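Dropping the structure in here first, questions after.
Chain lettering (A, B, C and D) follows the sequence in which the chains are written, and residue indices restart at 1 in each chain.
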Amino acid sequence: MRALEVQNLNVAYGKVQVLWDVSFHVEEGESVCIIGPNGAGKTTTLHTVSGILTPLSGRITFYGEDVTGLPAWELAERGMSLVPEGRRIFPNLTVLENLMAASYMRRCRDSFEENLEMVFDLFPRLKERRDQVARTLSGGEAQMLAIARAMITNPRLLMLDEPSMGLAPILVSKVFRSIQRLRERGVTILLVEQHVPVALRVSDRAYVLENGRIVLSGTSEEVASNKKVREHYLGI
Amino acid sequence: MRASDLKPIVALTAMLAALPLAVRMNNYYVLLLTWILYYSTLVTAWNVIGGLAGQLDLAAASYIGLGAYTMGTLLTRLDVTPWVGIPLGGLVAAGFAALVGYPTFRFGLKEAWYALATISSVVVLQKLFLVWEGVGGPEERYLPARYGELYYLRFRGYAPYYYILLAVLVMVLLLNVKIRRSKTGYYLLAIRENEEAAEILGIDVRKYKLRALLIYAFVTGCIGGIFALISGYLHPHHFDTWTSLQVAILGIVGGAGVGSIYSLPATTFIIYSISELLRSTLGGWIPGIHLIFYGVILTVVVLLKPEGLSETYERLYGRIRAALLRRRAGGG
Amino acid sequence: MLELLLQNLVNGILMGCVYALVALGLALQFGVMDIINFAHGEFVMIAMYLVFWISLYLAIPGSLTSLIVAPIYFVFGLVVYKLVIDRIVGTYPLAQIAATIGLMVLLRNLALAAWRAQPRGLQYEVLRGSVTLGPVVVPISRLTAALVSVGTMLALHWFLTHTRLGLALRATSDDMQAASLLGINVRRMFALAFGLGCAIIGIAAAFIMTFQQVNPESGLTWGLISWIIVVMAGLGGVSGVLLSGLILGMVEALEITFWDPRASLAVMYSLFILILWVKPRGLFGRR
Amino acid sequence: MRRRPGIGRTILVGALIVLILLVALAAFYMRKPAPTPSPTPAPTTAPPTTAPPAPKIEEIVIGMVEPLSGTHSIFGIEAKQAAELIIEDINAKGGIKSLGGAKLKLVVEDSKDSIEGAKLAAEKLISQYHPPIIIGAYISRHTAAMAEVTEREKVILVADALVDFLSEKGWKYFFRACPKTSIHGKTAMDFVYETAQRKGIDIKTVVIINEDSVFGRYTALGAYHEALGLGLTVLDQIEYPYDIADASPIVSRLMELDPDVVISVPYFSDGVLIATTMEEVGYKPMIVAGAGGCGYCDPDSISAAGSAVEGFTQTYSYNPFLNTPYNREIVQKFQERYGKLPTEAGGIIFYSLWTIKEALELAGQMFPEDPLNPDNLRQAFLALDITSGPAAETYPSGHIKFGPNGDNIYAMAVVLQVQNGEPVLVYPFEYAQAEPIFPIPGYKP
């Protein structure tokens, strides 16, 4: 089953168009990454898919349903979950309250206890700090909380926007280890990342976005072996 | 300053100067026109802070009161002529404005706090002048009834005040045009559009906002002095929150800072006349109908036409002009 | 003098609790929606009239009407939200201020047209008399109002920290976009916050009416007091509001004891400007 | 240089503007010597020429300015209602007989509860209706603003505002039948003192509390001077804002001072607030005597404060319970039409309008050739000495005669007391309906 299908997406901020005919898809259980240079439109793509932005034209299908133009909260109710760039945890809520606020949707209330155990299992660090106010967390912990918060919502598609941004190298590998573990659990993942080598390592397929257009796609191995990608992104 | 800026001002002055003659100097109509002109002047001055700088200033009554008290106290106590007292009142008002504006104009502080601080300042001053027996106190203080003497600027009729206010209005209009064309004007508009971007571009946000505020407060303080001359006495009720609100309402409805500056006196003229008409016809059944009207018009305009009425006038003017031209063409 | 000071301080603390409750509604709306409702005081005034009429026609004491007025006012809040606030939230700040000022002028003068300037007060009230604690006399009506205020604040605090809905409200207040990504309908949260804020006003109004009267001008005073408290509290949550209310009540009491009762409002607003000057994020603010 | 022509043009245009203004001003002053339309003759009246046959006057416009909107509209609206009733009554009873039964016509204008509005209203009345007499405007500062207009236009102003200084300005065309504020204060103090003496109770100390308007202050001053004159000790005078949210600080202060007598000048809601707070904390002095025309004994206050104001007294410029034929008649009519008892605002209008009627009557007799000439009318007002008829029957002292400053020489206020939830007249003793209760219920020595 196709989890997400994006067809011919065109998006503009005011009069400036930033995405041109972007098409891609994510199969259920698959892990896909979108890579590309700064300003290529990766975040815009995720914002449009998750309903924060409305596209000029194009079609977004989520598990067979046309969801183009729906507001973010409705998409979330259907199981789409975005971990936004810069984490965006709720700073004045405690760790536990952050996680509880994420279980606001009716469909994830019953499974909250279960999911809570699951994320505490994934991120034992959070369990230690469950009653700490979120704004006192370190960058890595905050990123873990953001991912954990998304996991609480029982996502049918987990989208991660630059999870490595602003983290020390050790923490980056820590975060990606947890993404890898999510992948092993069968979570469908759409990842946007500048840190190309690790991103390709945790995904099955990859798209390369440049200047608002998809310029290359294929399995991670294919993309990694592409000459241009090797030169520009992998630095080999 | 360009000739195209001045033409409408000359036309407006001529028209307004002729109005009292048109109503044959009837005291009632001249007084009514004087009040309309008074509010027009206030609203046009308000445009500097409310329109160009985009700060919702609700302290008009504070500056009016301070201007009135400064001028009036100097006149009654030390026999200082209003010619000196009025600009001094403007200075006092500007000083007070700086006191309220400086803390609230720091970059990134919410606009609402400024609005709240200013409307609170009106109440504070009213209460303080009520307690301050030296110059205020609950008793009215009357200005000397030396009518017709230029030294005292007191007149029995209203026409002299009308023309004084008209002169002030013209000056304020010129001031507005001048500021808008100046560097300060461009910076203010930039701050209004996007404060953050302006700050990043290196514009000293606080400095320019303060500059606009000082100009506005000075002018309003001067108008306050003239107000005291017209009303003939001083009382803490000169610090009246309703005056502040009325000025802001007329300014917002008139589209301060968005469209043409002439939209402001025009709006004042229209709204004041309608409210006066409403009051004299329906006021007997529904007390305060004219005030309800102000509330309704403000809410409706903000919700449906947030940029104010100036554009509407322009379209109307264009249509009338086109119709006239067509008729002339048809006739000729 | 010491007795008078003590008595006035107790009065100040009791009034401070009531001030805090009145401001709590505004603080909630401001915290969640980042909007300052200039018509807040007028909302309080209309609620007081509502209490007056309901109490008169149903012949029940004013304090009991809170059970009726609070739900009515919750609905009233939703209606106002739908008609006015929903259109201006998140737009140009000037438009927000202007629209609520329009609402303020409108409500005040509608009240004047409907009820004239005559002050209305309730006569029948079960909460009468006073208790004497040493040198201090405490009127029961004010004591009850203060206790109800604190109770309501505790209840709201519990709601905000222990229920999913409350957490969703706080999450919306912290980060609207992130909240909507978690399936929280932000506009519904806004409506809820506005309605809840109004319901709190309803409760406050019922207990204010046990010892106060209402006229169309009463709104200004309540509005200004609430704004001062919100500025003082910053985004400091329920406890910040309560503390700010108490501070304000005590400042008023001290001013009246040592200076002139006529200047109390002036002193309170000077405090407001002072806080904007030295601590623009409020005394208890976090952001 | 590029800028030269621009500056030249600016100066040119500036000069043009100044010129236009000068021309307009000149035009204004050129017109000035030309006779301004004489304010006196109503459009319906014949011009007051020297023609020997007495001009036939059919209708005389009486202007009225009252606050019909805003905070004080509660008074203005009642005044307007009372005026409509009385004008009808005067016309029904034959109008001004000495002027051939001329009818009175009332024109009411709203003062918008502001000085600008009061002035505007007076100008409007004068320029559109040319009334010889204007009555109003309840609030003293509005009245003062209006007087500037009426003095200039030579229109008689009959004031229904109480503050003392209005009659101290040397205004020529100003008259006031109602008792001024200091008389209210004095009456309240006298009442307490004389009642105490009658009951053989010794009173020594007084505290005066008043709201902070000029009205409150002048009333308090009247009481203050009277207290000193009677040899009492005034412990303190407390001023507070009329819109206080909480009266407990004032009551606490009273408890600390613990005077025998509290003289209180309330505005409206503050009175009820003070009374209920006193009851709540269980504090009662020997008496709380209100001064100044509204407060403790108004029907609204009694219904709002209930038992809290039992025994409280208040001075009024008008006594709705005055037991004279005309007063009974008019109170009944007022109640039938408006469903409430007339209070201060209406009562003052009752006798002020009847006084105007008597003055017009007298002017018709004294100056048959030109009765509405302002100076003739003024003579008639000064010559009035009313001791009978509706004006006298509705006035507390039953006697109206204007002194040179325009105040009634026989001005008097009455004292009502709340007894068993009803206001009753207790002072002056010769008119009293009931014996005053003193000390008031709940007083603990």
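Worth pointing out:
Assume a residue touches a chain if its C-beta (ideal position, glycine included) is under 8 Å from a C-beta of that chain, and two chains touch if they have at least 3 such contacts.
Since the structure is predicted, the reported quantities are computational estimates derived from the model, not experimental observations.
If you take chain B and chain C together, the chains in touch with both are D. Among the other chains, the CA centroid farthest from that of chain D is the one of A.
Between the Cα centres of chain B and chain D there is a gap of 34 Å. Chain centres here are Cα averages; for chain A and chain D they lie 77 Å apart.
Separating the centre of chain C from that of chain D, both taken as means of CA atoms, is a distance of 38 Å. Note on chain placement: the centre of chain A and the centre of chain C lie 42 Å apart, centres being C-alpha means.
Counting partner chains per residue, chain A shows two or more touched chains at no residue at all.
Residues of chain B in contact with at least two other chains: 127, 130, 287-289, 291. Shared contact sites, meaning residues of chain C that touch two or more other chains, fall at 112, 116, 260, 262, 265. Here the touching chains pair up as A-C, B-C, B-D, C-D. Contacts from chain C toward chain A in the complex involve residues 161, 164-165, 167-168, 170-171, 173-175, 177-186, 235, 237, 286-287. The part of chain A that touches chain C in the complex is made up of residues 50-52, 71-74, 76-77, 81-82, 84, 88-93, 97-98, 100-105, 109, 135, 149, 153.
Per the touch definition, chain D reaches chain C in the complex via residues 69-74, 77, 212, 238-241, 243-246, 248-250, 252-253, 255-256, 268-269, 272-273, 276-277, 279-283, 300, 303-306. Chain B makes touch with chain C in their complex at residues 54, 56, 100, 102-104, 106, 109-113, 115-117, 119-121, 123-124, 127-128, 130-131, 241, 245, 248-249, 252, 286-289, 291-292, 294-300, 302-303, 306.
Across the complex, chain D is touched by residues 1-3, 6, 9-10, 13-14, 17-18, 20-21, 25-29, 31-32, 35, 127, 130, 138-140, 142, 156-157, 159-160, 163, 166-167, 170, 231-233, 235, 237, 240, 279-280, 283-284, 287-291 of chain B.
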